[in-house]
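Both complexes below contain chain A, partnered by chain B and then by chain C.
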Partner chain A sequence: MIPELGHFCLIIAFILTVIPIIGIFYRPFSVITRGSILGQAFFIHLGVLALIYAFVQDDFTVYYVSQHSNSALPIGYKIAALWGAHEGSVLLWVWILSCWALAISCQSKILPKIFLNRLLGVMSALQMGFLLFLLHLSNPFIRNWLPNIDGQDLNPLLQDIGLILHPPILYAGLIGFSVPFAFVMALLFNANTQKILFAWLKPYVCVAWCFLTLGIILGSWWAYYELGWGGWWFWDPVENASFMPWLTGTALLHTFGLVKKSKKYITWFICLSMATFLLSLLGAFLVRSGILSSVHAFAVSPERGQYMLVFLGITLSISLTWLIYRLPHFVTQKSSDKSLAWHSVLGLLLIQNSLFSVLCATVLIGTLFPIGYEIVTHQKISVGFPYFNQVFVPLSMPLFGLMGLLAIRLKKETPKTIAAIGITSILVGFWVCFIFPPIYPSWGSKIIVGLGVSISTWLLLTTLKILFSFNKRYLPMSIAHIGVGLCILGVTINTQYSIEKELKIKPGDSLVLAKNNIHFTELNFLEGPNYLTYEATFVVNNTIIKPEKRLFTAQFIPMTETAMDVTVWRDIYIALGEKLDADFWSARIQYKPFVRWIWAGGLLIALGGIMSFFLHRKGH
Partner chain B sequence: MRLMRLILPTVIVVIFLGFIKQGLFLEKGYSVPLEMPQEVLGYSLSQALTKQQAVDYQLLIQQLRCVVCYNQNLSESQAPMAQDIKKMLLEKIASGTTKAEIIQLMIDRYGEFIVYNPPFRFGTALLWIGPLLLLGFTLFILQKQFHTDKRK
Partner chain C sequence: MTKHRTLRLIFVLLVLLGTGLSSWLIIRALKENISFYYTPTEAITGKVSQGVSTRFGGIVKPRSLDRLHGLEIRFILTDNQHDIPVVYSGILPDLFKEGQGVVVTGFIDENGVLKATELLAKHDENYLPPKITHAPTAQTSVSPTVGKQ
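And now, the complex of A and B:
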């Protein structure tokens, strides 16, 4: 009964989405726009609760629950299993979109009524598309008429704190960019835009961007300890799908400064907002269609892929047509006549924006190229890790240089100071790459270390100069930019100094890895709530860590549970491999210097965003 | 005040250098591990290969795809097939085959799908030159922007 009620609630929500859409064109309907948004949110929440109820009650007559839960599953995972597979994650998507729409309609006092109704209308149109997708092609409430005694288990890879946190946070970010999208769509109706509108939008972009940043960091961290090979970024299509909106979103966040200064950048702002959300949609399509092979891809179904493609196509064509149709009204506005030098703050922001777009286009080309190539030549091709390292990384270097320059320009430093900081950072880079040669000390590797360390030093020094000016306005920006600096340092050193050993090892063995004493003491066979496990005990410099090899009994899936000895400077990362013979196991033991700095930097970036949000709110 | 300006950055730089030094090894170079269990592949990289060969091997297993996995390279893959290929690569490298030859051999055997950075030729030109063209185009537009503004 409850699942049917949940299903029905979603249908009501779907019907309610029609009202705000009509309200855009037919004024009398717009009176109930906000009410309808409230209603949608209410019914979608009920639907989500109904599914959670089905999971908690182990209602295995519901097909989705029977496929992705199990009576032995801990309760936290049962709830998180809601978004553990395709259908539920579409529900999560719809749910978060309704939350964003609700947030808008509650925080809209300063918006003109007519603008708000258009904004909510566009949001509802998007919601309608997703609800249709949910109800038609990925309904989580469908019954299983031959009920199982017990459910198939949740995919063991997902039984982890990472699963509980990563999807909702990432989605909150991706879907959050529907707000600027709907905003610019509504903005295009009327060329006489007011600056107050942009001031209203900024916190939303800030929050969405923070969520996206956090989501990406969490995803990277989760992949690092859960997939068992110790990588934190692989330029996988799914990773790229979340990284592209992040790139344009970051550019968007920096455009507010431009828009505030001059109206002629509004067009650029509109394009960026549209691109960001469309890239989020493209990501959803790539992940759900199975068109690209990826470690993280969802269950594949051509119908769903087609729907997402059609939805993406319709959204793209409507928004582009609307943009092209209305753009002349914006361009004819008289632009300000101030001259613009490239090294002014505004000019640097503009260059930064363009570079971000180029970077995003690069990732887009790299991600979509195999698809296009296969269509044209019927041959498969791979574009991955080495390609992006060779193309994306050099292209991103000027950006980091500019970041430092921007920080300095804000304080109006003399060229002498700039040169001094520049030379210092290059010296630091050289010092590191020659005194501490990388693991495989080829020239390429040395140059990468030198460049990476120089750039992060440059960023840190220039940003610290801003930070020590103790100006509250620059605080969020300094924090975020310091985060970028630390992140670059972590990435450089981690990629060039990591040591990886795949060893044949038995209890009692010991080894020395990069001056760390590692001792394999014992191996035990244990039983967990829904798995059996071999638990190894390693002693790393007096710390005990226990990597495991688990066998999840519901579907007999083996899983590697890695273990790490963590310090600020390095991780010793141990993943148990296969049982080789009576005594020996294979184990992958890695020394990963500075790996925590990557995520620490990422967290600082997100923290900068959050601070900016609060400072902005206070400013109101 | 002026002294402050000099001292503060110096202190920061020194602390920063200390950080990196602390994080990497305490002394120059690397100590060769005295006791090390056998590696799964039966080779110890440092013993069987010259430095250049070790570099080549690392690059190879990073840019070659594991044929049986979804999207992993050989370095990451735990699949038995990947282990076999890695073993073969090691033997090839140790016997003096160059990196380019091995890549060509792998492409002949498995098709271009096997390498993560497709070789540059007519069909893949867009992939490699596209970003650069975009960068050039963007810079051109930007330069124009600054130019016209100056003229006003």
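And now, the complex of A and C:
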């Protein structure tokens, strides 16, 4: 009964989305626009609760629940299983979109009524598309007429704290960019834009961007400890799908300063907002269609891919047509036509924006190239991750150089100081690459270390100068930029100094890895709530860590649980392989220096965003 | 030329240079890092050149997995029409087992043996590599009937 009610609630929400859309064009309807948004949010929440209820009650007559839950599954995972597969994650998407729409309609006092109604109308149109997808092609409430006695269990890979957190946070970010999208669509109706509108929008972009940043970091951290490879970024199509909107979103966040200064940048702002959300949609399409091979791919289903493609196509063509149709009204506005020096703060921001767009384009090309190639030549190919490293890394370097320059410009430093900081950082880079030779001490590797360390030193020194000017305005920016510096340092050192060993090993064996004593003491066979496990005990310099090899009994899926000995400077990362002959096991043991710095830097970047949000709120 | 115009010219040249540089990087990197994807049948019928790193999708033939010394293994990759022997050294992915879909990256040596550098088994147990239409063994589990409302 409850699942049917949940299904019914979603249908009501779907019908309610029509009202704000009509409200855009037919004024009398717009009186109930906000009411309808409230109603949508209410019914979608009920729908989500109904599915959670089905999971918690182990209602295996619901097909989705029977496929992705099990009576022995811990309760936290039962709730998180809601977004563990396709249908539920579409529901999560819809749910988060309704939350964003609700947030807009509650925080809209300063917006002109007519603008608000258009904004909510666009949000509803998007919601309508997703609800139709949910109800028509991915209904999680479908019954299973031959009920399983017990569910098939959640994919063991997903039974982890990472799963509970990663998708909702990432989605909150991706979907959050629907707000600037709807905003610019509404903005295009009327050329007499007021600056107050942009001030209203900024916190939304800021929050969405923070969520996206956190989501990406969480995904990276999760992949690191859960997949057993010890990598933290794979340039997988789906990772790229979340990274591209992050790149344009970051650019978008930096354009608010430009728009505040002069109206002539509004066009650029509009394009970026549209691109960011459309890239989020593209990501949804890539994941849902399974068109690109990826670790994230759910089982392939052509109709879903087609629907997403059509939805993406419609959104893209309507928004582009609307933009082209209305743009002349914006361009003809006379604005102050003072030309911009490239080294002024605004000029640097503009260059930064174009660099971000180029970076995003390179990732986009690498991600979509296999699709284009297959259409033209009917041959399946894949683009390996070295492509991304070879293109992305060199093209991102000028960006980091500019970031430091920007910090210096804000404080109006003399060229002398700039040169001093620059030379210091280059010296530090050289010093590091010669004193600590990389694992493969080739020239290429040394140059990478030198460059990476120089750039992060440059970034850190220049940003610290800003930070210690104790100007509250620059605080969020300094924190985020320091995060970028630490991140680059972590990435450089981690990629160039990591050691990986694959061994045949038995209890009692020991080895030395980068001056760390590792001893395999024992191996036990244990029983977990829904799995059996071999638990190995390793001693790394007196710390005990316990990697496991689990067998999830519902579907007999084996699963590696890695274990790490963590310090600030390095991780010792151990993943069990499998049982070989006699007592021997295969194992992957890795030395990963500075790997925590990557995520620490990422967290600082997100923290900068959060601080900016709160400072902005205080300012109004 | 006025100073303003010179600046503009420099700016345009810089933009052109930047675009050129990035296009060059992209094209060069794409050339080096594309890997083609084939099924065993395509590999046998000679579409694949020797010694070039390529991806192969197929199924691990049941009862073909052999452990050699150390971490080395040998198995047969099949698409139910043709087989290729594969050797690999290293840790196997969790979901790698006989009868399961797998994507192998590597190159074929002069004896027709595929030397694998990377094995990918999908997280989804219902996964079959692209172009492979059915699993080799008869499916024993019956998928539950889905009722439409």
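One rule holds in what follows: the second predicted complex is superposed on the first by the 620 of 620 C-alpha atoms of A that agree within 3 Å, B and C clash if a C-alpha of one lies under 4 Å from a C-alpha of the other, contacts with A are read in each partner's own complex, and residues count from 1 in each chain.
The criterion applied here is as follows: a residue touches a chain if its C-beta (ideal position, glycine included) is under 8 Å from a C-beta of that chain, and two chains touch if they have at least 3 such contacts.
As the structure is a computational prediction, the values presented were derived from the model and not from experiment.
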Should the superposition on chain A be reported as showing a clash between chain B and chain C, or a fit? clash
Decide which partner touches more residues of chain A, taking chain B and chain C as the two options. B
A:267 in the overlay: touching chain B, chain C, both, or neither? Say first, second, both or neither. neither
Taking the superposition as given, does A:381 touch the first partner, chain B, the second, chain C, both, or neither? both
Using the superposition on chain A described above, determine whether A:146 touches chain B (first), chain C (second), both, or neither. second
A:570 contacts which: chain B (first), chain C (second), both, neither? first
In the superposed arrangement, which partner chain does A:396 touch: chain B (first), chain C (second), both, or neither? neither
After lining up the shared chain so the two structures overlap, which partner does A:504 touch, if you call chain B first and chain C second: first, second, both or neither? both
Is A:155 in contact with chain B, with chain C, with both, or with neither (first, second, both, neither)? second
For A:108 in the superposed arrangement: first (chain B), second (chain C), both or neither? neither
Determine, under the contact definition given at the top, whether A:366 touches first (chain B), second (chain C), both, or neither. both
Chain A residues contacting chain B in one complex and chain C in the other 228, 293, 295, 297, 339, 342, 358, 362, 365-366, 369, 373, 379-387, 390-391, 395, 502-504, 560, 577-578, 580, 586, 588
Chain B-touching residues of chain A, taken from the complex the two chains share: 227-229, 231, 234, 236-237, 293-295, 297, 337-342, 347, 350-351, 354-355, 357-358, 361-362, 365-366, 369, 373, 377, 379-387, 390-392, 395, 421, 424, 428, 431-432, 435-437, 439-442, 445, 453, 457, 460-461, 464-465, 468, 489, 493, 497, 500-506, 509-515, 560, 568-570, 577-578, 580, 586, 588, 593-594
In the complex of these two chains, what residues of chain A are touching chain C? 4, 7, 63, 66, 142-146, 148, 155, 157, 228, 293, 295, 297-299, 339, 342, 358, 362, 365-366, 369, 373, 379-387, 390-391, 394-395, 502-504, 555, 557-560, 575, 577-578, 580-581, 586-588
Name, in rising order, each residue of chain B that touches chain A in their complex. 8-9, 12-13, 16-17, 20-26, 28-31, 33-41, 51-52, 54-55, 58, 62-63, 65, 70-73, 75-78, 111-118, 123-124, 126-128, 130-131, 134-135, 138-139, 141-142, 145-146, 149-150, 152
In the complex formed with chain A, which residues of chain C make contact? 4, 11, 18, 22, 25-26, 28-30, 32-38, 55, 67, 70-71, 89-92, 94-95, 103, 122-127, 130-131, 144-149
